[in-house]
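The structure follows.
Chain nomenclature is as follows: A, B, C and D, assigned in order of appearance, with residue numbering initiated at 1 for each chain independently.
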Amino acid sequence: MAVQVSVIGSGAAWGGAAEEIGRLLAERGCTVVTGGLGEVMSAAHRGAKSGGGTTIAILPGERRDDANRWADHVVVTGIGHARNLAVAASGDAVIAVGGSYGTLAEIAFALRLGRRVVALEGAPTTEGVELATSPAQAVELALRDLA
Amino acid sequence: MAVQVSVIGSGAAWGGAAEEIGRLLAERGCTVVTGGLGEVMSAAHRGAKSGGGTTIAILPGERRDDANRWADHVVVTGIGHARNLAVAASGDAVIAVGGSYGTLAEIAFALRLGRRVVALEGAPTTEGVELATSPAQAVELALRDLA
Amino acid sequence: MAVQVSVIGSGAAWGGAAEEIGRLLAERGCTVVTGGLGEVMSAAHRGAKSGGGTTIAILPGERRDDANRWADHVVVTGIGHARNLAVAASGDAVIAVGGSYGTLAEIAFALRLGRRVVALEGAPTTEGVELATSPAQAVELALRDLA
Amino acid sequence: MAVQVSVIGSGAAWGGAAEEIGRLLAERGCTVVTGGLGEVMSAAHRGAKSGGGTTIAILPGERRDDANRWADHVVVTGIGHARNLAVAASGDAVIAVGGSYGTLAEIAFALRLGRRVVALEGAPTTEGVELATSPAQAVELALRDLA
């Protein structure tokens, strides 16, 4: 099975960084998991597709059509914000790009479950998170010894 | 995006039927979604892989390693039996093969969300479920007008 | 701790029966748990309050205000239909009154978790459910050896 | 309906503070909601009972017996860490006492849903959380304009 990396976050300003992270992950052979909606999520998926990768959307709602159009596979959870646990848990590593409280909940769950968490500078952070100053470094830190 | 079909159920006796259903779905170009564990779930995934298809596991626990070895993509939900909602909701159609109370919960959720549900004879059933007497017919009923 | 009984179901026609069940449960000292919204859920709560009892609402949404006005205590889950698992699991016994697919999902989960399930005639049913022909009998069956 | 306040956190060292917060909340007429297990959760419940209050446990597992013995009402969610969303959402306000990643996830969800969050010094915190230096101040901040 391919290594799965969850890219989490929000904020229109972070699209470029998220897209680059998605592309770099795909080039390293990783599957890119996100919450399946817009901004950072769609940008990471778009980047992954441009890098020839595979993408998984884990949606909060009950309709598959809510997924962004770069999602190859769509998991429709129907559990609202609680799907943040699934997004965090489904990554062998997690990379945060921008974001706010929802992102912080994902980071906290990821750490609680022992997943590696890397935050691009500007994302919420807490003890246990590794900080990166560029998309390339974020991917490097996330994948060391994984892919 | 490929059509996604969730194959649900349990019971060692149903492995052969589940495997055939997985293979037929893959040959029709569908992605096979299951709860990711053993028996019907692993058999459907194995069949899908033998048919050249793609498989998604939606696990109840917190560890990716719980997935059967035919799972291409693994969603780790951490929400126990509540992941049955995600399994049901993630299928454009749902096929039940054997199974008991957990399967019935998935059938009920799928119907609640307006998904088409086909049960191979022997699976739990309720009003609104279409019955099939063979794996081929189950796939035929599930995919009519979808794939 | 008081015995907790979950009353599940839907349908305006079932309000009278649900209210009587709620009242009888309260008179036997039980706390009445429901999904917290209208019809069967509000009727069971109203009955419980008229019998001097205590009520708990387990809501699918994110706002406490969604609860019916007979709810003493409100649990706001935010997980949509997956809260049906919590409603089923929180009863030492479960009584179904009317209802459709959502009710069937709750029945299935309750049986999966080993809870006793009683259905008033007219509710969805499956193997393992005990049938009652009156509210009084439903309460009797649900509470035998419990309260 | 009584005001509901969720007390979250963990760590044996925080039992005394949590118990005092539970007692003060009860004396102000509030219902004390927790995750229903030990340490901060049981201490807050014990304090609430000593103050004549009412307590609600929102458990992660599938068994009512997991609740601490000061829990009056028990909601059995079966959804693991995702129950943290329900604990956060069920409080009109949330008070954090000690704790680690699970607590941070609850704080993040509470803020995401617009709940007021107060952290006793020593708990995880983030932007939007109000800090208190004593149990009395934590209760004061949490309840201003609520109870």
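Throughout what follows, a residue touches a chain if its C-beta (ideal position, glycine included) is under 8 Å from a C-beta of that chain, and two chains touch if they have at least 3 such contacts.
Everything quoted here is computed from the prediction, not taken from an experiment.
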Quiz item: Shared touching chains for subunit B and subunit D?
Solution: A, C
Quiz item: Measuring between mean CA coordinates, which chain is farthest from subunit A?
Solution: C
Practice problem: Going by residue numbers, if over half of the contact pairs line up, that's a repeat, so tell me which of A-C, C-D or B-D repeats A-B. | Solution: C-D
Quiz item: If you average the Cα atoms of subunit A and of subunit C to get two centres, how far apart are those centres in Å?
Solution: 39
Practice problem: Could you please state the distance in Å, as a whole number, between where the Cα atoms of subunit A are centred and where those of subunit D are centred? | Solution: 30
Quiz item: Distance from the CA centroid of subunit C to that of subunit D, rounded to the nearest Å?
Solution: 26
Exercise. Indicate the residues of subunit D shared as contacts by at least two other chains.
Key: 62, 78-82, 85, 109, 113
Practice problem: Using the touch rule from the top, collect the residues of subunit C that touch subunit A in their complex. | Solution: 62, 78-82
Quiz item: So in the complex, which bits of subunit C are touching subunit B?
Solution: 79-82, 85, 100-102, 104-105, 107-109, 111-113, 124, 126, 128
Practice problem: Could you pull out which subunit A residues touch subunit B in their complex? | Solution: 1-2, 4, 31, 33, 54, 56, 58, 62, 64, 67, 71-79, 82, 85-86, 89-90, 92, 109, 113
